[in-house]
Amino acid sequence: MTVRVGVIGTGMIGTQHVHRLAREVVGSSVAAVFDVVADRAAALAQEVGATSAGSWAEVVEDADVDAVLIASPGDLHAEQVLACLAAGKPVLCEKPLATTAGDALKVVQAEVAAGRRLVQVGFMRRYDPGFRDVKAAIDGGAIGEPLLAHAVHRNASVPDAFVGEMSLTDSLVHEFDTFRWLFGQEIVATTVVAVRHSPLAAHLRDPQIVLLELGNGAVVDAESFVNCRYGYDVRCEVVGSTGTVALDNPRTTIVLGAGRRGETVPPDWGVRFGRAYQDELQAWIDALAGGATVAPGASDAWDGYAAISVAETAVASFGLHARTEVQLVERPDLYIREAGR
Amino acid sequence: MTVRVGVIGTGMIGTQHVHRLAREVVGSSVAAVFDVVADRAAALAQEVGATSAGSWAEVVEDADVDAVLIASPGDLHAEQVLACLAAGKPVLCEKPLATTAGDALKVVQAEVAAGRRLVQVGFMRRYDPGFRDVKAAIDGGAIGEPLLAHAVHRNASVPDAFVGEMSLTDSLVHEFDTFRWLFGQEIVATTVVAVRHSPLAAHLRDPQIVLLELGNGAVVDAESFVNCRYGYDVRCEVVGSTGTVALDNPRTTIVLGAGRRGETVPPDWGVRFGRAYQDELQAWIDALAGGATVAPGASDAWDGYAAISVAETAVASFGLHARTEVQLVERPDLYIREAGR
Amino acid sequence: MTVRVGVIGTGMIGTQHVHRLAREVVGSSVAAVFDVVADRAAALAQEVGATSAGSWAEVVEDADVDAVLIASPGDLHAEQVLACLAAGKPVLCEKPLATTAGDALKVVQAEVAAGRRLVQVGFMRRYDPGFRDVKAAIDGGAIGEPLLAHAVHRNASVPDAFVGEMSLTDSLVHEFDTFRWLFGQEIVATTVVAVRHSPLAAHLRDPQIVLLELGNGAVVDAESFVNCRYGYDVRCEVVGSTGTVALDNPRTTIVLGAGRRGETVPPDWGVRFGRAYQDELQAWIDALAGGATVAPGASDAWDGYAAISVAETAVASFGLHARTEVQLVERPDLYIREAGR
Amino acid sequence: MTVRVGVIGTGMIGTQHVHRLAREVVGSSVAAVFDVVADRAAALAQEVGATSAGSWAEVVEDADVDAVLIASPGDLHAEQVLACLAAGKPVLCEKPLATTAGDALKVVQAEVAAGRRLVQVGFMRRYDPGFRDVKAAIDGGAIGEPLLAHAVHRNASVPDAFVGEMSLTDSLVHEFDTFRWLFGQEIVATTVVAVRHSPLAAHLRDPQIVLLELGNGAVVDAESFVNCRYGYDVRCEVVGSTGTVALDNPRTTIVLGAGRRGETVPPDWGVRFGRAYQDELQAWIDALAGGATVAPGASDAWDGYAAISVAETAVASFGLHARTEVQLVERPDLYIREAGR
């Protein structure tokens, strides 16, 4: 049984998702595609044998669409997800779930009202083998009690459209989900620490350090640096009471030459996390094919709400130059599952 | 269009292939399955919706089988591959292509007579990202002229059925293909060097070192150790005139604990090369779906013939306690392709 | 010409210094020794052919003592250093220079009044080959403009006497000197971040994270963890506008065994920095033998004053739960040297 | 008590030894110096306050010389060492002890006749922390029974005077001592394997692989490459029945930049083994100061005889294109010490 997916948004990541669903994921096909750039959507639809829809709502309502993947601009996510919920269709929404905590909360409330989870949020790191090893080491007791973590998240560069608070809402939002997941704790407060700006990206406040306080008192210091120039570099070390576990970039071949021992740093997130994206899609399709509505262990609407709430708090913290507490509603029973999931 | 595959042999690797073709490879299905252990084959066939064939010949002749995958015992390979050729069906044969160079040569001659290549041999390392990086570094000039290489191939342990010359014919045969491919040269002579036996596997001559001389004078020393106990460990360093390129095990998370900084060594080939097996199958299916009969860059019948010829020579070298030259027929035009392929 | 050193304090580090000066450093001898534990001092004096002095003042005034090394409890340092200055003798004082910024300032003022530098402070990391490589990489432009740094400083455990703010005043004080030196900037503010305590050392606030702001806006986050259990671990990464440079533990031999690839983590600071201590002493003796009063590049009284001022500020910051600014007097001309020294 | 050393030969390594003995080693002075380039010797003698001798024999006979260090051309070593023995003076002879096994044997016989060991051979690797860790891992049982080893020994380039068999007699001779020492076994046979020559040093047979068979059947494959261009690179892996231990270059700081993660490879042996040379000298001086005539664990005359015997055999093996057995006399009781020394 093939899961027929409708894809809303065919920018860079949306196009990648269409190609993966059509060619690299087992058990899926792309049934319908929509983008405001109609020509692009039409060409892509033709390429994979899908319908080119006239609006995103058409995709949601299409009887040939079993599930929806949303890769549109972030400020449209909440409305589109809500429409999927109204239509009773499973939906994988690229991060962020919404651009405000309030909008994300509406999604949570809609799911609670419906009494079942249909929403999955695209925090693909939960499918990266490295991050999964870190999670397994913590859960397996390899480091004792987890107490703190250090994290870096660096991009070689960002497009001109990357401005303002996007390093918090678009880039570090991955860390907000990652460390909630790794520690099995909510983030309860954030502090943004201003750092000397890189002279190579003077229009941004870049790099910066964000402190995350978790519910049990654990702390994460996370560096965001979106113009580090040398490559794409996501690493972390989780420190426990008896040991630590660290994620480094995948080892590549080692070249000895000209006085140096060198390895390649990933050039971008597509190279670093390409496999995680594919495994995320495969797990989603497998879950749907098996009758479930979300994949086990994936980020759900609550996770998406929590992550954007933290991002919003971090933005406020930057403005206030002060530690700021995250305000979450009480977690509904629908989202309460086993500890350390 | 789905490529319908018939699978002959459902031991460990055959069963893995069936599961991959049925579930993890895009564009394939398993149409028919045969094994001499009929119950096992029947159960597997039912699991994936395939026919359970009464003989391997039935699989080959089945009109619903577009292509054949052979994972039977090695001494049956040549006959089965020849049957596929007679039926005009593409075939992916697990290594070795045959257990004697003479039998492998029959396959080559049959293909030459038919005037087209249908046979692919399962040297899956050519699909491992690490080995591909090594190949790319050499071909890209990163190390100057390649001159020699060091290789190790270690298994934690082997089953009781692993006896006699199998470390040459079953284990190091991978290196025979790997270094022919990496250097773009035939192996022209081998020398087996006896080494003090491990007291933990005294019935085997284990470990041992095999020297491989390539057509252009380059040399490879390859260690085989099938009872190294600590894990599965395949590594190499290719040394060129201005630098070297080395393949190490994939980096995992790093755990600091109890006075040690540690990484996990792969426990077995399934973990180390699972992805390479899958990518090998996907490339084969993609090639067939696209109208080709073998995947570009894969090991073909000539490669299979050359590898088993080297293995046979190595066995002779061990018996003679002397350097022994590999005797190959002239390479038919059918297999002459671009340099350094 | 042999430099005759008087040593005040023969606890663990003092005894090591006596042995090094007597046996491992070229050009030095130990002329006199004092400790409040008279027996210990007497035995050590006899062992190395030195006088056992009746008081620390006797060591300073001894005509056979060319220079003084102070390894007494920290709260005695300032008074003893001032006595050395009064006697016109070069002095190498173990860190900290004083236990209050006010006392350290008296040393600075005494030197300024005398018009020359006689005081060196025992921040031995400036002699560690790894830290020197980091400094050279920064100064050589390998990372562009340095913008921020991450640091960890972990001990397997600490003695019972290690209490209160000692993780700031005794342990992280090394980082305070290190990053002033690496960045060539004063630390202008500190923030202590409380972290979930390790259950294995519940009487300490351990681990903790301290943020250091430098004069040019660069920021360092430094983890202190004095009961990490697994070993002694000092590492850092300095992040610049075009690259980073990282210090890891020295590589040891690599053992493959029981499914793991492992290296040893240093067990304690004696193993990790033993060579740095020796090189520090040798550089000091060489400088004195050559007619200088302090070694080039070593930490001087100003550095000692700045480091303890930062420590004092960090302690205040912890009490206030707030970012706290470091208050330094204007740097006297005596200590103004080339940029980036 | 200062050990007064006479130094014969003030080329590159001899000059380094003079400087170390005069300045960096505790307890030694340089009493006399000789070189055929009289001006160079005179200048060096003046620099360190030594006598400039008129002949090497004068150095040996000088009443102010307690011990002799020989760093002259290798073909003079045996005669000079024998003169030291005749004079009853301890002598540290740079490798090789002699340029023929026959001459080295004369030294052994002279020591046996005298009934005591006075000769130490400058195989400094036995003082390198890395190699000592490898030895300790083997002796401590970390890898089970040692069975084989892989080794590489590469120089960036060699001077024009480096010709003929020097890669065996001058370069790999270090490995001959190293693996005798690590395995606690004599090398009983060698085979030189010709390899495609580097086009960048076409006048040399470079690189090459030498197989060493040890008394208990263990085997070492050792690569010599004296024009590898990229740096100085000495590494090895010793493989045992339950694990392996590997020596890599010392870790340096890690620079991330321009898409690469890089470490520096040592440029030359002076950088890589400078500390080993110093520790070797210090251990020798300490032993002499303590009344011994050779340092514990150092290479002695027997080791020097064995190493040059292996080198001579390797040269013969190359000429014969065949495995060649090493012919050693029976080991005199004088040199029989504890197993695994």
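Each chain gets a letter, A, B, C and D, in the order it is written, and its residues are counted from 1.
Going forward, contacts are C-beta pairs under 8 Å (C-beta built on N, C-alpha and C of every residue); 3 or more make two chains touch, one makes a residue touch a chain.
If you're wondering where the values come from, they're calculated on a predicted model, not measured in any experiment.
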- Which contact partners do chain A and chain D have in common? B, C
- Task: Using the touch rule from the top, work out which pair, B-C or B-D, shares more C-beta pairs.
- Result: B-D
- Item | Most distant chain from chain C, judged by the mean position of its C-alpha atoms | B
- Message: Can you work out the whole-Å distance between the CA centroids of chain B and chain D?
- Response: 43
- From the C-alpha centre of chain A to that of chain B, how far is it in Å? 38
- Task: Report the inter-chain centroid distance for chain B and chain C in whole angstrom, where each centroid is the mean of the CA atoms.
- Result: 58
- Message: If a residue has to touch 2 or more other chains to count, which residues of chain A qualify?
- Response: 230, 242-244, 249, 256-258
- Message: For a test of understanding, state which residues of chain C touch chain B in their complex under the given definition.
- Response: 230-231, 233, 249, 256-265, 267
- Note on the structure: In the complex, chain B touches chain A at residues 23-26, 130, 133-134, 137, 142-143, 242-258
- Note on the structure: chain B contacts chain D in the complex at 144-145, 147-148, 150, 152, 193-200, 207, 209, 211, 214, 216-219, 221, 223, 225, 228-230, 239, 241-244
